[in-house]
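Heads up, the next two complexes both have subunit A, just with different partners, subunit B and then subunit C.
== the complex of A and B ==
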């Protein structure tokens, strides 16, 4: 127990370090999960019953940090947001990167159909279903694009790639909200 | 968050909701959106070919109360103005008229962008050079 905690007086500084890996966007999920189970077991507070108070506290803090890190890193969208935030690129700032006009047109039409459905016009369901299919396809395309940017950043961590990723994530969140609204309306 | 009375008034009684024929040569259509909040705003102007004055303005906004109020107010201000006068409307005018809090300033920016986009569409239809993007 003692050697496990040796030299670990302070907690890892970021979620990747918790897992003992460098900052990586295109993570190997099964490998991350394997590490999560190993570390969870290793630092389980039950194993520190006879350790010093400081060691017990460290195990507790590490476990809580590990759970946070796992929750964020296993989700590609949350993982990317985390890396962007650490690089000073907060969510939301899409100035100078407005959504394309055709997308806005689609969004507007979908909102119109949703409003009609809310007002009791059942025939609006058809257009909503069609729009939902298009937005789902769009989300899939964005996911492949996101994966490509992940790989590009891991090979060469350039600020420009992060800026592109920022714009892509904003767009994806937009699509995600629309998908949710449409699915709710149809259910 | 507390909305000002003016925001509530425009939200509860939005002026000029609706649409104009976007294929009409005298009609300019601006469609803008903000992915971060999911707002989408359509604003249209109809310009009188003799006087060059905006005779009619319509909007339809899907978004928060401040976005609806900002676009509603914008259509009120647009009517009776020339295109050049309309271009002088600034988002800060909307902010002070509606007493928008800092977190809602982007709604007024959206409304200004919508005005510019509508005028741009009108100008392009008339064969004039497009406006430079303000933002």
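== the complex of A and C ==
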């Protein structure tokens, strides 16, 4: 296993390179996981308990990069944000932004219900649950849209596709926050 | 093989090819023990008293050497003010963290205990890592006596929920004891490793680890030798001690109302009462009812304690562990039914109510085949084998129990590495200056899940020093935060404008400085090495006596006289050389001379063997 380290002085340049794959948005997760396990078994610092300090350092650096990469790439949202960021398209923080126009009314109603629940009105739970169901459905629709954009980008990595993806991710993040607020209020 | 041949064992017959052995140590709140990997199975090492468990108690009698283990446990009653127990609960803590706890302990805390607790015992001050070091040194000596070789490297286990300071303090304890700590392993993970060696190959397991002072729960996925921790949760201040304290409070109230006496200031009486309570607690694990018996100055306190009452008393404590388990399941994204197996670790899992509660929560019959007191040390020995390269088909992928973040504007924490991230894990962050010509940037690093810095645990302040004086906002320093496989933070920084390494000064919020640890090593470690050498010399002389006696006896045999004169001369020469080295204190030299004599006398041994065989065959017919 030490041969693997021989001559390797620089770390892979990006998360995809760690796994030895090209930049891909529509990833085969089981395959990625298989590679994660194989690479872990090869490079984990525990495999280098008797190695030189330099080899141990490389094992530590490589494995932390591998773990970071696995954490980001296995999550479609984080993966897409990573690719956007690498293309200079920083995703904005959606918290301060106004809600997407088509959601204005929904968000207003949810906030009302959340406020009522905070005031101790238990009957507000009904409307919150209904809103939650709608947001979950919306999130699901966005997820299939996102998957379609992933495939389109993989076939033809155009900047325009990335911009569409960024808009979609922002919307999805907004909805994700609503889902979380509603779930927290109900739990 | 000659009849005189003696197995010298390592370090000598091991030669350079055999690397030093790595032992696995469970440094527990109540008891500690050491294990090693024997061929393929982990085994616990017994001390000179024949017991595997060394009580985690150190007594510091005034003007005398510290006493460790069972002997120190006796001193708990005789000399409570100078006897330290449960020091693990004070590891990596400041006095303010454990104020409530310290009030119950019989030993006073010295001033200046804000970042490291200093216990005033036996006319000196000791820190929790030093107390740990005395226990570790005892285990090291037990292992050396048992294995017959020096032990310098170890894997030590820590509660999974230990934060950075607590881990660092444990590592410091190892260093003070003269042990290189190759890895800190989380206790529940170690337990899974011990079980996993001969259990099912794939599945999801939960480890419920309820010890003397800490509680942990970990959920792992086992897959072809890979032990992947999905999530961990716990409380480093929740254990059997808390149950004892609870019962102690009840008993003290009883006594106060029965006798009209407040015993809480009487350390000697408190220790005896605590002992009586622990005995009663243990008895309730196998019996439906027990009696706490305690007498003091002719007065007697007896209280019958049925298990139902005990169960009622401890239910809030058990409930806290269950809440932890539910959080852990949630973090792992699993329902209780998804757990295939449950492993119980720690002495407190002997309590019937605990077993019942765990069974009900995970809907699975918990495993108890391995001794819950030993399973963690056994797992540590397996991990030692993994690091030494002798166990190749297993690997642990553990996680960090707490999120790591930095303090930003307004005292808010910005999280960089989330809890339950597989370690090693890293994050990079860019920093700049706010004022023209600013020469340094201070970064406050914290651990915890809360939003505000004041609610998280301060880990350290990192000072980026000697920055080039540039305009505000022009500096670009990239800081890399890396949590290593021990769960300990490492920080490095780079000036992105120059590409040069940026100096970082670390000011840990809790714990000892490197220099302090160094000074402690010099105090205790040198002597340990001397002790070891002395023991080796004495043991080697015993071996030499045996071989010399055997050769002297052989010289009476007819085989001796049949030997060529040159060979006889060589044997005599080897005997003389061994005798010359015998009174020196170089045990390696004595061993070499023993081997030389053994080698020289090989022909004699063979000749004797042959004549013995001939003698044995005499009179038997060969058909």
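What to note about this one:
Following the convention adopted for this analysis, the second predicted complex is superposed on the first by the 173 of 187 C-alpha atoms of A that agree within 3 Å, B and C clash if a C-alpha of one lies under 4 Å from a C-alpha of the other, contacts with A are read in each partner's own complex, and residues count from 1 in each chain.
The working rule: contacts are C-beta pairs under 8 Å (C-beta built on N, C-alpha and C of every residue); 3 or more make two chains touch, one makes a residue touch a chain.
Not measured: the values here are computed from a predicted model.
In the superposition on chain A, A:37 makes contact with subunit C only, while subunit B stays out of contact range.
Once chain A of one complex is fitted onto chain A of the other, the partner contacts of A:171 are limited to subunit B, with no touch recorded for subunit C. Applying the stated contact rule after C-alpha superposition, one finds that A:111 touches subunit B and leaves subunit C untouched. Applying the stated contact rule after C-alpha superposition, one finds that A:101 touches subunit B and leaves subunit C untouched. In the superposition on chain A, A:75 contacts neither subunit B nor subunit C. The wider contact with subunit A, measured as residues touched, comes from B rather than the other of subunit B and subunit C.
Residues common to the contacts of subunit A with subunit B and with subunit C across the two structures: none.
Within the complex, the subunit A residues that touch subunit C are 37, 40-41, 44-47, 49-50, 60, 63-65, 67-68, 70-71. Of all the residues in subunit C, the ones that touch subunit A in their complex are 19, 22, 182-183, 223, 226, 383, 386-389, 395-397, 421-427, 482-485. The touching residues of subunit A, counted against subunit B in their complex, run 91-96, 98-99, 101, 103-105, 107-108, 111-112, 115, 170-171, 173-174, 177-178. Residues of subunit B that touch subunit A in their complex: 31-36, 38, 40, 42, 60, 62, 113, 135.
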